[in-house]
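Two complexes are shown next, each including subunit A; its partner changes from subunit B in the first to subunit C in the second.
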Partner chain A sequence: MHKRHNSSHIIPFILGGVVLYFISGMVDELRVYQGASIAVYVVAISSIILLTGYSGQVSLGNGALMAVGAYAAAVSHISWHIPIILSFFVAVLVAALAGALLGAAAARLSGPYLAGTTLALAIGLPSLANQFSILGGEQGLLFDVGFPPLSLGENFTQYKWFFWIAALAALIMMWLLQNILQSRYGRTWRAGRGNEVAAQLAGINTGRSKILAFTLSAGLAGLAGAMLSMTIGTVSPSAFPLALSFSLMTGAVLSGITTLGGVIIGAVVLVAIPEIADVVAHRLGSSESVTTNLPGLIVSGLLILTVLFVPNGPVEQHRARKARHEAEHNSSKK
Partner chain B sequence: MKAMNRRKLITASAVLAIVGLAATAIPAQAAEVGVSSTQIKLGMTLPMTGTASLGYNKIPGAAKAYFDYLNANGGIYGRKITLVVKDDRYVPTEAVSKTNELILKDKVMALMAPLGTANVKAVASSVNPARRGVPVLFVNTGFSGFADAKKYPTTYAVLPSYVMEAKIMGQYINENFAGKKIGLLYQDDDFGSDALAGFKTAGTKFAVTVPYASGSQAAATAAGWITKFKAAEADVVILFGVTSASLYMLATAAQLKYAPQWMIGSVGGDATTLKLAGVPAGVLYNAIGFSPVPATTDMKDEYVKFFSDIYAKAVPGSAFDLNVLLGMNSAFMTAQALKAAGQNPTRKSLMAAIDSKGATFANSALVPLGYSATSHVGLTGYWVGKFSPTGDLAPIGGTYVAYTTDSGSGAVVKSTYKRPAMPAKGLPN
Partner chain C sequence: MIQLLNTILIGVTAGGIYSLMAISIVLVWRSTRVINFAQAGMALLSTYFGYEAMVQLNSFWIALPVAMIGGAIFAALVEIILMRLLVKHSSTGPIASVAPIIATLGLLGVIRAVVSMIWGGQDVRITGPLSNDGFSVGGETLVFSPLKLLILVSVVVLMLLLSILFQKTNIGLALRASAYAPEIARLSGVKVDLVRTLGWALAGAAGAVAGMLQTVNGNGNLSPDSIEFSLLLVSGFIAAVIGGLESLVGAVIGGLLLGILISFVLMYVSSALFFIAPFVILLAVLFIRPQGIIGAKAGRRA
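Let's turn to the complex of A and B:
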């Protein structure tokens, strides 16, 4: 119908980048840091949306693949002195490779079995780092992207530098992903998700298509892991706890798991909720146990409300309503 | 038409985002950050929820109990101390973002007692308090690296290091258990490798060493550990792990009636916590234990009496344990540092005060502090005690015998340190 539906233009992403550039110059350092965290979550959540929402494989092991990417980036930078920019590519490649191996196994599993396998991975993999001295044990490794170039001025903060790198990576990834999802591959994934037998009858090799989805999703997760490590300056097993995988899943559900468009919602929610909870608890003057448990309560509440009222996420719901509205409009015209 | 709408939506949300974010930006302050005419603001991050929070989540309450007492008694030159506490769930990412909030939003003057090696390290690298000139007082980890004043110029250690503890344990073994078969349970990470380094310096020879991966502690695993110690016929078994490791080990040993001479490290050796979690007092009886501060049940000790009285009033019904005592001890030292920083304390004068006077700060520990212009080393040793029939750590023969050493190759020596009397009413001089 419209050309926009077939391929995603790069212009909105460039515009988005320009807007972010101006915002980053206007807000204080804390907001810039939070912006960088949001960019990290955007990439991490879109990796889940690709895997679960589009190709229909439920994975709880995203945190583990992020850890793989983060360690790959840090080790390649520290031990092999690879330039920092390339280490992000190494993160993507190594995590994608791990994802391909995992995907080959995962393609034989589905539903709760796949969830269980990936869950075990999320629990076990990060603590493996304790077994190899090159990975730095419990304290982890330093992952320092270095100071911003001097040409950006003396008042250019470290966090603004993180934000620029993270936001740029997120924008590029979103653009790439948007295009992949609208391509033949995106359609085969959705076909396989909808009805595997029907997809096979239509000539789709669903096993291979699942492995491809797993590989791409793992590569994205690896990038997110390297970005996360950049923002905290270190890579350590405790940075990738099981809770991370779960909160990313929560972010994906809040975003609307079957649409990439809402990914920013989930990412903002994950960053903003603790702060909102803090303000609320402060206003109420409540006790420590309330303050510390409020973020969890708010996130769970939101999750339940999302599942009850907008099961496909706010963005999908909005589109569906619009489509319905247009259909009614058209039929009334007739 | 559709494209137009979308473009409008993007523009509208961008404008909204800019306005919203700009509105929340806070103007810069003029005087020293975190210090007003009426208050001094400090910040703390530590696990308050989640599995790692057990025991540690009592620290903020303990520190606040002391600060409230101090505030009610005139504060520091009339200023009241406010402590802002944030939950990091023992995750480095959280520790970084919460510390950012403390420094950039809450605008605290200094950070106090952050907990966990990986967390403190991540904060040092990303938030970089050193570059911002923010003091990090009395970190709650025994990792010896944080005492390195060159690498972490604004960070001050307080706990004795794991290396020091292992060296003192090794010395005790040489003197008391020569010729016995020694077994060691340790965590298979930096915590454990610090321990192994200390034992190596002390010349301890092990009949068997059993490493465990952090997070693998469980009753069934503990039964496996016991099999290994039994097979090696260990006479003395050292538990150099976290509380849950000691807990499963001792509880399982009680069931299996396995009773070697136990030696329990300070990290996983708080009797109050172990007993509350179900370790029978009889199992702890006669075990050797280590601590830098007096026994928490020793009400004859003026500090223990003073701190436990304040704590009982501030947090009724909560047991006074080692975490509480250490938390209040750090709060007391922080108060003295702030007082020593002068009438109008700044971040710089606060750190200068610890460098010049920190070694003489009054506190409950039975070993000296190591602060100086070039050293950020905190407490420098442990006293050795035995668990009583009621399962409480008590000095052998009724008198505290303490040892001091360093994190390097220095000798372990019997401490001659005489702790000065507590300042009047437990307020900074």
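Let's turn to the complex of A and C:
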């Protein structure tokens, strides 16, 4: 079953970038902004898919790690005057470091214990930001990537600039991740998820492989956090509520948590939910408390329904059904 | 001296409430091998049931059983509808082990959203049955109040009732049997499914008491986003883990220990550590004694 992947599959990603480039020139501002949000979610959801789908660890700490990345980017840019492009790298590095520490603890924990521990972290960490003046308290910090360069023309809007940065970062990350997952590390993670004892017998250091997955996933989350802050313009504790970790989990489950391929589905759904909820609430003419909570209800409801009825995600479910169908077809021919 | 006494008394009262929450998590874990992350959400909903009863009848002593019964029925429904479907659909495949975690988290989100829709985001008030002004001892005023005493008494009474139920009745025997050896229990004629639902219902009732007491022990304000319930969610889980997740006695000890530890940290170190202290305590427990204080099996290590 040993499959070699020499090709690095860069062409689809370049093509994707070209398509995005032309699309971003054709749609209105709101859609461009939503496009940037989709790119943010793509990165954030892949960090969960890598961790939960590939290495089998359920962490609710990704929202907190996004906050770590976002604060690292903002602080490095504001206090140490690091160029904005480099501050994204700082976000990745600092979050990855935090993830490595968390991963070292996580490698000793299984299933529900890990979920509970990271839940405690997700609730506790954002409130810590209020304690340090360098982090700006409740209001948070400004995180401004600046105006688009003049060379792009005078009609080039701020949102389009966000979208370009976010989409480029997402494409690069997806390409890297795709290659990592098809390398021996990806196989190691899947082996550990499938049967840990068997993986250990095969000579895999499952503890180390889990910590590596945690570190990479945290780095991705940190990048997503910095990207999110870029689109909002500030970094504050309220940007990373527990609800964010829940939405990401929903996005990951909808994407099909065991494959990277469906990640765009989850991201689009997450961006679409508030809009759909708005339309529904408007139709029903409902009160304010219903309107504000409808997105949360849809996110959580979808999470339950997906786990119950299409546990491996709609894409994977469809593929499995097709494979089964073909297998039956082939066997009936014989 | 008076500060030390106050710290311990605050810790014990809060710890008693965490114990109840831990008990409900342990009850669910023993009956279905699921950690119910929605437990605090269910406690929140039950507390709103209690609030409605307060509005109608203006008596805490009627509101408390209403909350308990409401919580028990809701928990039983969750087990019958959600958990049984979950076992049916998602017990195989790559995410089988994480499906229950994800499902109960989803339930937590659904409950929070629905509660906010029905009762709105603003604070509502539940007035405690007794005064929360501290007792005076020798001219000094303690933070320990008649209300806090009542909380402790109710926690102790509930634990006594639960231990009688578990140790002295046939239902308790069935509950214990289904937890430790479901197959053998089934062969001996125990209706294991029914017993599981009962375990959830008991957990729902215990959580409801925790929610009601936590609300009156705080400032009496109740809202879907109140800090009290985030704290219940985390503390209940941590207390259950400290206690070893299998044992009711362990849950009580874990809750009390956690309450006192947090109280000391807040009083003597920094009140800013309100949320991060429980996390550090949890990590310490998981590293030093991962099987919990009572637990004997190394179940939680990866």
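Observations on the model:
Here, the second predicted complex is superposed on the first by the 306 of 334 C-alpha atoms of A that agree within 3 Å, B and C clash if a C-alpha of one lies under 4 Å from a C-alpha of the other, contacts with A are read in each partner's own complex, and residues count from 1 in each chain.
Keep this in mind: a residue touches a chain if its C-beta (ideal position, glycine included) is under 8 Å from a C-beta of that chain, and two chains touch if they have at least 3 such contacts.
Note that this is a predicted model, so its numbers are computed, not measured.
In the superposition on chain A, A:Phe22 contacts subunit B only, with no contact to subunit C. After overlaying the two complexes on the shared chain, residue contacts for A:Asn293 are found with subunit B and with subunit C alike.
Of the two partner chains placed around the shared chain by superposition, subunit B and subunit C are both touched by A:Gln131. When both complexes are overlaid on chain A, the residue A:Arg31 reaches subunit B alone and has no touch with subunit C. By the document's definition of touching, neither partner reaches A:Leu168: not subunit B, not subunit C. By the touch criterion stated above, A:Ala243 is placed in contact with subunit B and with subunit C alike. When the two structures are aligned on the shared chain, A:Leu176 is found in touch with neither subunit B nor subunit C.
Using the contact criterion defined above for the overlaid structures, shared-chain residue A:Ile84 touches neither subunit B nor subunit C, since it reaches no partner. In the superposed pair of complexes, A:Leu97 makes contact with neither subunit B nor subunit C. Overlap of the subunit B and subunit C interfaces on subunit A: residues 127, 130-131, 243, 292-293, 296. On the side of subunit A, the complex with subunit C involves touching residues 52-53, 56, 58, 60, 105, 107-113, 115-117, 119-121, 123-125, 127-128, 130-131, 193-194, 196, 206-207, 210, 242-243, 246, 249-250, 253, 257-258, 289-290, 292-294, 296-297, 299-301, 303-304, 307-309, 311-312. Contact residues of subunit B toward subunit A in the complex are 2-3, 6, 10, 14, 17-18, 21-22, 24-26, 48-50, 60-61, 85, 87, 89-93, 96-97, 100-101, 104-105, 116-119, 121-122, 124-126, 128, 143, 188-191, 193, 213-215.
The touching residues of subunit C, when paired with subunit A in their complex, are 34-35, 37, 82, 85-86, 89-90, 93-99, 101-103, 105-110, 112-114, 116-117, 120-121, 230, 233-234, 237-238, 241, 272, 274-276, 278-279, 282-283, 286-287, 290, 300-302.
Across the complex, subunit A meets subunit B through its residues 2, 4, 12, 15-16, 19, 22-23, 26-31, 33-34, 37, 127, 130-131, 137-140, 142, 144, 158, 228, 231-234, 236-239, 241, 243-244, 274-275, 278, 288, 291-293, 296.
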